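Take a look at the structure set out below.
Naming follows writing order (A, B, C and D), and every chain is counted from residue 1.
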Amino acid sequence: MSDLRVAVLGVGLMGADHVVRIRDRISGARVSVVNDYLTDKAEEIADRIPGCRAIADPLDAIADTDVDAVVLATPGATHEKQLLACLEHGKPVMCEKPLTTDVETSLEVVRREAELGKRLIQVGFMRRFDDEYMALKALIDDGGLGRPLVLHCAHRNPAVPHGFDSAMVVRDSLVHEVDVTRYLFDEEIVAIQIIKPAPNPSGPEGLADPQIAILRTASGRHVDVELFVHTGVAYEVRTEVVGEKGSAMIGLDVGLVRRTGPGIWGGQITPSFRERFGRAYDTEIQRWVDAVHAGVNVDGPTAWDGYAAAAVCAAGVESLQTGLPVDVNLVARESIPGA
Amino acid sequence: MSDLRVAVLGVGLMGADHVVRIRDRISGARVSVVNDYLTDKAEEIADRIPGCRAIADPLDAIADTDVDAVVLATPGATHEKQLLACLEHGKPVMCEKPLTTDVETSLEVVRREAELGKRLIQVGFMRRFDDEYMALKALIDDGGLGRPLVLHCAHRNPAVPHGFDSAMVVRDSLVHEVDVTRYLFDEEIVAIQIIKPAPNPSGPEGLADPQIAILRTASGRHVDVELFVHTGVAYEVRTEVVGEKGSAMIGLDVGLVRRTGPGIWGGQITPSFRERFGRAYDTEIQRWVDAVHAGVNVDGPTAWDGYAAAAVCAAGVESLQTGLPVDVNLVARESIPGA
Amino acid sequence: MSDLRVAVLGVGLMGADHVVRIRDRISGARVSVVNDYLTDKAEEIADRIPGCRAIADPLDAIADTDVDAVVLATPGATHEKQLLACLEHGKPVMCEKPLTTDVETSLEVVRREAELGKRLIQVGFMRRFDDEYMALKALIDDGGLGRPLVLHCAHRNPAVPHGFDSAMVVRDSLVHEVDVTRYLFDEEIVAIQIIKPAPNPSGPEGLADPQIAILRTASGRHVDVELFVHTGVAYEVRTEVVGEKGSAMIGLDVGLVRRTGPGIWGGQITPSFRERFGRAYDTEIQRWVDAVHAGVNVDGPTAWDGYAAAAVCAAGVESLQTGLPVDVNLVARESIPGA
Amino acid sequence: MSDLRVAVLGVGLMGADHVVRIRDRISGARVSVVNDYLTDKAEEIADRIPGCRAIADPLDAIADTDVDAVVLATPGATHEKQLLACLEHGKPVMCEKPLTTDVETSLEVVRREAELGKRLIQVGFMRRFDDEYMALKALIDDGGLGRPLVLHCAHRNPAVPHGFDSAMVVRDSLVHEVDVTRYLFDEEIVAIQIIKPAPNPSGPEGLADPQIAILRTASGRHVDVELFVHTGVAYEVRTEVVGEKGSAMIGLDVGLVRRTGPGIWGGQITPSFRERFGRAYDTEIQRWVDAVHAGVNVDGPTAWDGYAAAAVCAAGVESLQTGLPVDVNLVARESIPGA
C-alpha cells in the first residue's frame, strides 16, 4: 500500500509541526505538497522533505493530482473556501480549529458536506486523542462515575502573544473545553456565561484575564472553566468530572518527582501545549491517515462539532460583553440529514 | 494557674465531642458544668467527668459561679439569648456556628458585644485552625501567590441526615466556604448566586444536590464552590487559590498510599469532618482556652464574622429560589465602633 | 482527679520541648520539677512554669514527693542510674532513647524492672504514635497486605551537628528504623550489615554518609534502610512495606501543593523531626499521662524494646567497621519472666 | 527516500509487536520479511502485511536482498549465530535482550563487531528510550542532583509464566536494572549480591521471590533492587536516584485519579510492560530506523552493553546460589579497540 500523499496548507507553527510529524513519526503518509501565503517559507520547507513541492495557490494545492488528502493549518478566515474546495474534489481534510470564523459559514460547511453524503472533514480538536481524556471518556462510558453531573476545568497558559484579546480567550482557549464538554457528556451546550473577575494586575492592559465560563448543557449539567492566559507559570489543563458515583481528575502532570533545593519536593509542568498534547497530535494524525487509507470515517470530531463549538463561542463572546448568560442557538441537527 | 472552668451547653454530637476534647486533650481547662435540653443526657455525661455538674437551665449554667467560660453547642435558635447572657455576665464564649439563625439577630449580637467594648465571642469556624488552611493563608499573606484572584472550592459529603434540605446546603455547608473566602481574602463578599444543575439521581427526592455557588468579593474576586452532599464517597474539602504568581491547593488528603488489588494504587479519604478537622477543633479550643487565661482576645473568628456569614448565606438562600445573583447587604462595619 | 506531677530531667532540646508540651498541650499533667546539669538553665525554665521548682540533683528530683512520674531527657550515659532510681521509687518513667548506652546495662534495666513485676518504663520511640505509622501497622495487622515480606526505609536529614560520627548514624538515626521494623513485623532482628557506598563529597570529611543498613528478621524478612544525614534538602522519613497482597508507603509528606515559579509544581518537605513528628510526641506523652493516671501499662515501647534496639545497633556498629553481616545476640526473652 | 526494509526474526509476543509497530506507527520503514521457527505463524503474519514474505530459514532471511536491516526477536540461544550473520552481511540489527545466552559468546560478538570497525548491533534495552528515564538521565547529566550516590529500584510483576525460575528473575528481570544502572551512572558494576528473603507464600513452590539485588559500581556507588515477580498487583517499575544535591524518583504512574467507592481515592497501575513501555519501544525503533537511514550509529545500547549486562547477571546467578557477594569479571574495554 503506497503512502498517503498529504498537502499541508499553512506552515506556520501548527502546520510546520504537522509537516515534521508526518515526515518523522507517522506511518503510511508523506507530505507531497506544502503551501503558505509566505511562498518563500513554503519553498524552504518543501526543500527539506524528499518528494515534496511547494504550490503557491492553496486551491491549486488542494486540486493537485499528487495530493490524496489535506491538512489545513491556514488562518481561520480562509478555511471556508478551502474546505469547500476539498469537498468539491472529494478530498479528506484535517482542519485545524476553527472550522470557519463565524457560525453561519460553519453551518454552511456542515450542510455542504452533508449533501455530499460522505464525511470528508475532521476538525482538529486533538484532546479527544489524548490518553488521559480517552481514559476519562472510557471511565464515564463504562459507568464508573454513574451519571456525570458536573465538570470543572482549568485552562492556563504561561503567556499568550501580544494582541491576544479578551474574545480570543473565548474563541481560541475556551473552544477546547467546549469540545471537551460535548465529547465527555455527549450532548449540546445550551447556555454560556462569561464572568470577568478583577483582572490579573500583571497581565496586559485591557485584557479580561482570568475569565470564568459557566456552561449549561441540554440536560442541565453544569460546567465551569477557569481561563487564565497570563499565569507566568506553565501550560496547565486540568479536568474533573463529578458524577453520581464519584469523581475523576486528569491533567495532574506528574512525572519525575524531585526532592531538592532546601525543603522542596515537586516536578516540572509541561511548558506549552506542544509538550502536553504532542502525542495526542501524533495519534490524531496517525488515526486520520489510517482511516483515509481504509476508506472509513475517522471517529474524530466532525464539521458539526466545529459548528457547535463556533456557536457556543459566539454566544460566549456576546456574554463577555454583557456579563449575562446567553443562550446558544443551534439548528436542529436532524434538519440536516447526514450531519 | 488553675484550670479554666468551662460550661458546655448542648451535648449532642458537637458538644459531646467538645466535652471529651476538653477532658482528654486540652491543657489548662476542665468541664465544670454541662447542660442540655435532654437533662438525662447531661446528667449522664456529667457523671463521667470528675468535678462536673449538670445544670438544667442554660442561663443558670452561664451565670454559675463555677463557670469561667462557655462553649455553646446548643441549637442555633437558642444562641441569641445565650450569647446575650454570656455578654451580660462578661463570660467568654466559643459559639458553634451559626451565630444566630437570622441576619438581624446576628447584627444585634454584634452591636451588643461592641457596646461592651470587650471581645467575648468567638465563632466556631474551625477551618481557620486547620494546618493546611493556615499554610495557605500564610502563603497568601507572604505574597507567595502575588495578588489572589480566584478561589475554587469543592465541599462534598458522603451523605447527610434525612431532612437536610436545599437551604441547609447553603446555611450549613456553604457557610464554611463563605468564612474561608473572607479569611483568605480579607474582604467581604458582595454578591452570591446559586446554580442548580440537574440533580444527582441517587440523591433524595426534592434536594437540589449538587449546587454551585458563585461568589463575588468587594474587590471583584471570583469564588466558585461545588456543594455536593450525597456523593456516596467520603468527606472531601478541596480549596485552590489562583493568584497573580501561581496557584496553591490544599485538601488532597494524601497519607498512606497502597498499591494493592488488581492494578490499583491509592489511599483512603477521611470519612467525615470529625477525622478531617479533628485536630483543627483541638487547636481552636486550646488557643481559645489559652487566650481566655491570658486575658487577651483570641485571633479567631468574631461575632462580625458570624454576622457576615449569615448575611451571605441569607442572600444565597434567596438565590437558591430565584436562580439569580443576589447582592449581600451588610451594614457598614465602621458604623459599629468596636465591631 | 488532680494533674499528674511530672519531673522533667534534662532540659536541652528534647527536654525543653517536653516541658512546653506538658504545659501547653497535654491534658491532666503539669511539670512540677525540672532538673539539668546546667542548673541555671533549669532554674530559668522553672521560673516560667507556675508551680514548678528546679532540683539540682536528678536522683533527688526522682525521689521528690512532689513528683508522680518522670520524663528522662538527660544524656544517655546517665540513664541507667536514673532508671534504676525510678524503679526503686516505683515511679513511671518516659525515657528518651537510648535506654542506656550499652547492651549489658540495658539488659540489666530490663531484668530489674521484670523483678519488680510492674511495668514502669516506656522508651521514647515516638514513631509508634505517629498517625501514618499507626495506619501502616493497622493495615498490616488487619491483613490488608497479606504476609509482610520486605521493608524499605529512607531516613534523611538535611544536616547533623558537628561531631556526628559514622557510629552515631547507626545509634541515633538507624535506631528508629530498628524499632519500626520490630513494631511493624512483631519479631526480632537477627542480623545486620552496614554498607558504606562512596561518601557524599559535600559531607564532612571522614563521615560514612550515606550508609545502607540491611537487616534480617527471625522469620527471614528483609529490611533495607538508606541513612543519609547530610542531604542538604530536608528531613525525609519514608517507609514502604511490601507484602503478599500488595505494598503500602508512608511519609510522602504531601500537604499544600503549589504551582508557581516558571513551570514548577510541588510542596514543602518538613524541615526537621520536630515538625514531622511533633504530633507523635504529643500523642506519646498524652497517652503515657493517661495510662499513668489510669494505673495501667501504656501500650508503648518497653524496656525490652530499648534493649533489643541497643543490641541491633551494637551489631550494626560492629558491621560498620568490618563491612560484614553481624549476628544480633539477644538473651531469650522467656528467660526473664515479666520482660 | 524509500522505506527501510526490515526483516523481523521471531514473531512470538515481542516480534509480533514489532511487526505491528513497524506497520502502524513507524515512519520510514516497512516489514519486508518475517521468519519464525513456527513457519505457519510466519506465513500467517506475512499475509497480513502488504509486500511482506515469510522466509523459513533465519540466515536466509538475514541474507535476503530485500532486507536492509534486521530485528531479532528469536530465542536467545539462536542470537549468536544470527548476530554474526548480520555482521557478515553488514546489516544493522536491533537485537532483543539477551545479546547471547552466556558471557563468552557475548564477548565474542563484541569482538567480531569491533573487528568490523562499524557499529551494527543495538541491544533492546528499551528503558533508555522511555521519557521518564530520559528525564532522569538528563537531570543527572545536567548536575541537578550533584554527584549521584545511590540508586533504589523496585521491579514488580503481577505474575510470570509457569516455569519462570529463580535464575530467570536475575537474567530476565534484573537485567533491566543492570542496564539502567550502567546507563544512569555511566560506569560498570563490579559486584553483585542476591539476598533471598523468606519467600512469598502465595508464589510458586521453589521460586525465590522476592529477591533483593545489591550492586556496587566501579566508583563505589550502591544500588539496591527489589525483584518481585508474583505480586498479584500490577507491573510496577520505580527508580530513585539519590545524589549529593537531592533525589529524584520516576515510575509513580499517576494518570487519571478517581475518588470513588466508599472513601477511596487513587488510580490504575499499568498492567504490563507493554502498556508501561509501549511508547519507549516505539521511540527505540523509530530512532533506530532513522539512524540506519542516516547511516549513523544510533545512540542506543551497544553489544558491549549487552555483554556487560550478561556478565553482571551471570555473577548474580552465582550469588543466588551461594548468597554471597560475587565480583563481576569484565575484560578491559580498551583491550578491544572499537568496542
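As a working rule, contacts are C-beta pairs under 8 Å (C-beta built on N, C-alpha and C of every residue); 3 or more make two chains touch, one makes a residue touch a chain.
A quick map from chain label to UniProt name: A, B, C, D = Inositol 2-dehydrogenase.
None of these values were measured; they are calculated from a predicted model.
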item: If a chain touches chain A and chain B alike, it appears here; value: C, D
item: Reference chain A; chain at largest CA-centroid distance; value: C
item: Inter-chain centre distance, chain B versus chain D - centres from mean C-alpha coordinates, in Å; value: 57
item: CA centroid of chain B to CA centroid of chain C, Å; value: 37
item: Geometric centre distance via CA averages, chain D-chain C, whole Å; value: 44
item: Sequence positions of chain A contacting 2 or more other chains; value: 232-233, 245-247, 257-261
item: Residue ranges of chain B in contact with chain A within the complex; value: 146-147, 149-150, 152, 154, 195, 197-202, 210, 212, 214, 216, 219-222, 224, 226, 228, 231-233, 242, 244-247
item: Residues of chain A touching chain D in the complex; value: 1, 22-28, 50, 131-132, 135-136, 139, 144-145, 245-250, 252, 254-261, 279, 286, 290
item: Residue numbers on chain B that touch chain D, as the complex places them; value: 158, 232-234, 236, 253, 257-271
